[in-house]
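After this come two complexes, each holding chain A, first together with chain B and then together with chain C.
The block that comes next holds the complex of A and B.
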C-alpha cells in the first residue's frame, strides 16, 4: 500500500472540560482537513496549532512507545498516535479515556494507577544483591521468554479504560499492574514472588478479574495482560498451597 | 509561595535523571532527592531510543578499543580523559541495569548478547531487541520506585533556576495540573532534561525535546558548548521523522539508491570497507549527496533512499528488530520483510549542551548536568550510535554522586529570599498566561524557527546559508513576544507550556547558529561545503556560547587530548 497525502475534511467532536469553568463536560466540534496518512493525534495537533490553542491533551513520542496519548476514539480506547484516521468515517469523536477522573479536556488523572503500579513492587528483589563486579546473571533465551512479553507494557492505560471490573470497582489492581508484578515474578533473576503473591492474594487483585479479556483486545503492544492475570492467579494459589505444606522461606 | 525543601533537585526523569537519583541515594541513604519532570518519568524521551547501549563485553574487545573508536568518531573533539573514564565505567553500568531487571537479549548460553554498530570496531552494543531505550527507562524507573528518598514532582515544568550568592539553590516550577508555582529548594541541582531536536522541522525527537535545561543553564550564566554539532541520523521515516535504528545496519541492512546501487561501495564517502557500518555523520552526508546528485527515489514527502532488510529473513527481523517492523507497517505501510524501507537523514541528537567537566559540574557552583542536555565532551563533533544511553548512565551516576558531595559541603540557601525570587517568577508566568496580546501564533513562530534551522544548520552548511538561517531565526525570535496567548485556565494549560518551550528552543537555536557560523572548517557533523577540510591549527577547540544581557558571545575552550593524537579520520 502506498502513502497518500491527499486531504479530506473530517468532523471531530471533542470532549471539553475545564473544572474552573464547567460543571459538566461538553463537546466541541472542529472541521479538520485531514491528510490520508494521518493518525488521530495528527488531527488533534492540527486543531491545537491552527484552530483552538486551548485544547489540552498529552502526547510526546508519536511513535507508539511513550504511552502518553491514550484516548477514547469513537468510544474505544486507542493510542491516538497509532490510530489511523482512514479507519473512521466522516465524524470522529475523541474523549478522555474511560474509568479515570478527568483533569481537563482529554487529560486524565492517574494517581491511582501509579499507586497500584508501585504496590506490586516492580523491581528485582533478591535475598542478597549481586555486586556489579560479579558480572551479569545468566539468563537463557528461554528464561527471558518467560516474561519478555509482559515487560512490553508502555503504561498507556487503555486496558484500564476497557476493563469492566475497573469500571465497577475502581480499586481493582487492574491489568497493567498485575502484569507488571507477574513480569517480575516470572524473571529468573528475581526472588520476590512470595512478597508479590501476598499482594496478589489481597482484596481487589487477581481474583477480582472476570476473564472479560477486554484488556488484551485493546492493548496496542500485544502484551496480553489477560494471560498474565490468569498465570498470576494460578501462581498465587500454588504459592499459597505450597506455603501450607512447607515451612516459610524454603522453596 | 510554597517552598519545598530537599537536598538534591533533579530536573528531568529520563535515563540520566533516574540514574543520578539512584546514585545519590546509593551514595547517601539519608539524602532527600526531588525529581522534577514536565512528564511522568516513563514518558521521557529515553523511551524512544532503539538500537542499544555500548560497553565492552567480549574477549575480542578492550576498553582501549572502545576509547579509540569514540575519539575517532568524535573527530578528535572529544575530551580523552572523559572518554577513558566512560569506556572504563560502561560495562559496570550496563551490568547494574542487568541486575535491576533490564531484559537484555541473550546468547544461547545465557550471557548478554551484543550487536554491531556504526564506527565500533567490534560487537559491543548491548540490546534488548530494538526497544532498548524503552526497556532501560522502564527498568530504571521501576527500580527507583523502591527508594522513598526519591520524591517525584511529575508534570512540573521548571521555569527558572534560583541562584543566590553565586550558587544554585533550587528551582521555580509550574505545577502543570494545578497551575501553581512553587519553589523547590536544595543544595545542588542536576539538569537531565535531554536535547532540543524540536528546533528542527524534521526530527526523530518527541514533542517534549525542547532544550529546557540548556536554556535554564544558559540564562543562569553557564555557557553552552559545541552547539554547532547536531547529529543527523541517516535513517528516518519520511513524513514523520520517526527513527529507524542503526541496528538495522548493525544486523546487515544495506542502503540503495534509485539506480539500485549500493552507493557506499561506489563512491568515496569516507566509510571505507565499513560501508553501512560507517559513522552517522558520514552516512548521512552520503545519503544527502546521493539525493542531491539525482539518485534519490521520489515519494510523497520528497526524495529518499532505500534501506533494505529483505535478505535478513523474517525470523531474524522478528526476533531482533520487531519494533522496526511495527513502525514501518504503521507509519509508512511498508513491510520490511518483503519491501525496502524509504528513509532520509533526520535531525536526531545534539553533541553540544551545557558545558560541564568530567564530574558533570558546571561553572555555577551546585549546578550539574548529565545526558543529552550536557556537553561533558564525550561525543565531540560526532557521537557514535549506542554511546548515548551508556553516557546517560555513566555520567548520570557520576553527577549524582558529585551532587551529593557538593550538597554535604554547602549550606542551605535563605528560604525567604529564594521564595521571593520564585514569587517574582510566578508573577511573570501569571502575566503571560492567557493574557498576552499580539498578532502572532505559537505554531507560526515555531515553524519559522524550524525552517531557519533547516536552512542554516543542515547536513551541509556554508557561510551564506548559515547567515541567512541566523537572520531568519532572529526574525522569528523577534516575534516571540508578540505571540497571543488565549488559554487563561490554570488547569493543565498546555498553551503556556508550549510558549515557554518555544522560548527555550529559540535560545538553543540561536546558540547553535552562532557557534556554527564561527567554525570555518568541517569536523564531524559540522560539514561546511565552503570549508571542506578539518583545520586542527585553528579549530581544535570546543566552542562556547555565553548568554549576556547585550547579546550572546561566542568563545572557546581547550580540548583535552591524550594518548591519541589527531589524525586523518578515515575508515
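The block that comes next holds the complex of A and C.
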C-alpha cells in the first residue's frame, strides 16, 4: 500500500541581499510544491535543497526551542518552524526580521541584541557563593512560579522585530533583555537586583517602553515580555524610592 | 504589502561595526496602521483629544471670570453641533483608553505587593470597571442635581 501525499503549489516571495553585490535588498520568487502539514521553514528548506542552494537563513532545532528561525512572514514576525503553511494563501512573503540590520538574505545581525542581553547580567549574582559542601540553593514551587514564565524565553528576537520603540530608539534594551533581567531579579536565589535595577533606570531602558504589547502578541512561547517589562518598571521605581529612604540604599 | 520603511539607522546595531556590510533595518511591515499597531496608535492619538479637551476647559474657566453674560454665551457655544461632536469624540476616547488600560493593568502588577500576591485578573477587572461605573454614576447624579 502506498501513501499518497497531497501537494499544493505556493509562491514564495523571499527577500534576497548579497552584501558583495547588492546596494539594497530585493525579492526573488520561488514556486514550491508544499505539503499541507509543512511549516514555513520546511518550504525554505525545500527551496535551499531543490531550487536555489544560495539562499541563506538560520535554523537549527526545528522544534521551537533554539529560536534561530525567526523571520517576517507576510509582515508578521514568526518562528518559521512553528508557522504552518496552511494558514496562508497562495503567496507567502518571507523577509528578515524587522528592526535588525541584515547580513545576507534572511540572516540578521544580532550582535547588537547580544550586547543588550549581556548588559542586564542574565545570570545568578550572589554576594557570597555558598560552598559546595553546604548543598544546593533550594527554592519552593511558589518561588519558582514567580519567574518561571519569564525563563521560557528562547531569544528568538521576534519581540524586537515587533516593537515600535526598538525601531525608533537604538538605545532601548528591548523586551527580551528586560524580561531576562526581570527573571533573575525575581529569582529567590539571586542577590543582584540592585545592580540590574541600576541598568533598568538608565536611558533607553524599562521606561522607554510605551506598552504597545506587541512583544507579547508575537511571542511564540507565551512568555509575555510586556508583563515582565512593566513589572520591572514597578520594581525599578520601588528600588529607587528605597534607595532614597534607607541609609544603605536598596542594597 | 506596502514598501519597506527604514527604521532608525542604528536600531539593533552593535556598538562596533562587523566585518560584513549590512542592509539597514526596516520598520515592522504593519506599523503604524496595520494589525494591532492601529489600536496602539489610536491609544497614543487620544492624547491629542485630551489636550484639546484641556484647552476647551481652560477657555470655559476663562469665560467664567468674564462675567455672567460671557458665561451664558459660552454655554450657548457649547450647544453647537461641533462642540457636541467633539465631546462625543472625547467620550469615545476615554472609553477606549479605559478599556485598553484595564485589559493591560492586571499583568503589569509585580509578583508580590508587600507580603501578598496580587489578586487574580478577574478581581482587577471587577474592581476597575466597578469603580468606573460607580464614579460615573456619582458624577451623573451630581450633574443632574440629585446630590448637593
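Note that in this section the second predicted complex is superposed on the first by the 243 of 251 C-alpha atoms of A that agree within 3 Å, B and C clash if a C-alpha of one lies under 4 Å from a C-alpha of the other, contacts with A are read in each partner's own complex, and residues count from 1 in each chain.
Convention: contacts are C-beta pairs under 8 Å (C-beta built on N, C-alpha and C of every residue); 3 or more make two chains touch, one makes a residue touch a chain.
These figures come from a predicted structure and were not determined experimentally.
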Partner chain in contact with A:30 - chain B first, chain C second, else both or neither: neither
Partner chain(s) touched by A:200 [first = chain B, second = chain C, both, neither]: neither
Chain B versus chain C as contact partner of A:136, first or second or both or neither: first
Which of chain B and chain C A:103 touches, first, second, both or neither: both
Chain B versus chain C as contact partner of A:19, first or second or both or neither: both
First, second, both or neither for A:146, with chain B first and chain C second: second
Partner chain(s) touched by A:227 [first = chain B, second = chain C, both, neither]: second
First, second, both or neither for A:213, with chain B first and chain C second: second
Common ground on chain A, meaning residues reached by chain C in one complex and by chain B in the other: 19, 103-104, 109, 114, 147
Chain C partner contacts - residues on chain A that touch it in the complex: 17, 19, 22, 24-25, 72, 74-77, 93, 95, 98-104, 108-115, 146-147, 160-164, 166-170, 174, 186, 210-214, 217, 224, 226-227, 230-231, 233-235, 238
Chain A to chain B touching residues, read off their complex: 1-5, 18-21, 37, 48-50, 53-54, 56-68, 82, 103-105, 107, 109, 114, 117-118, 121-124, 129-130, 132-133, 135-141, 143-144, 147-148, 151-152, 154-155, 180, 184, 187, 189-190
Contacting residues of chain C [partner chain A, same complex]: 1, 4, 7-8, 10-15, 18, 20-32, 34-37, 40, 44, 104, 107-112
Chain B residues within the chain A interface of the complex: 39-40, 42-45, 47-48, 92, 95-96, 98-101, 103-106, 108-112, 131, 134-135, 138, 142-143, 145-146, 177, 206-208, 239-240, 242-243, 299-301, 323, 326-327, 330-333, 441-443, 485-487, 489-495, 498
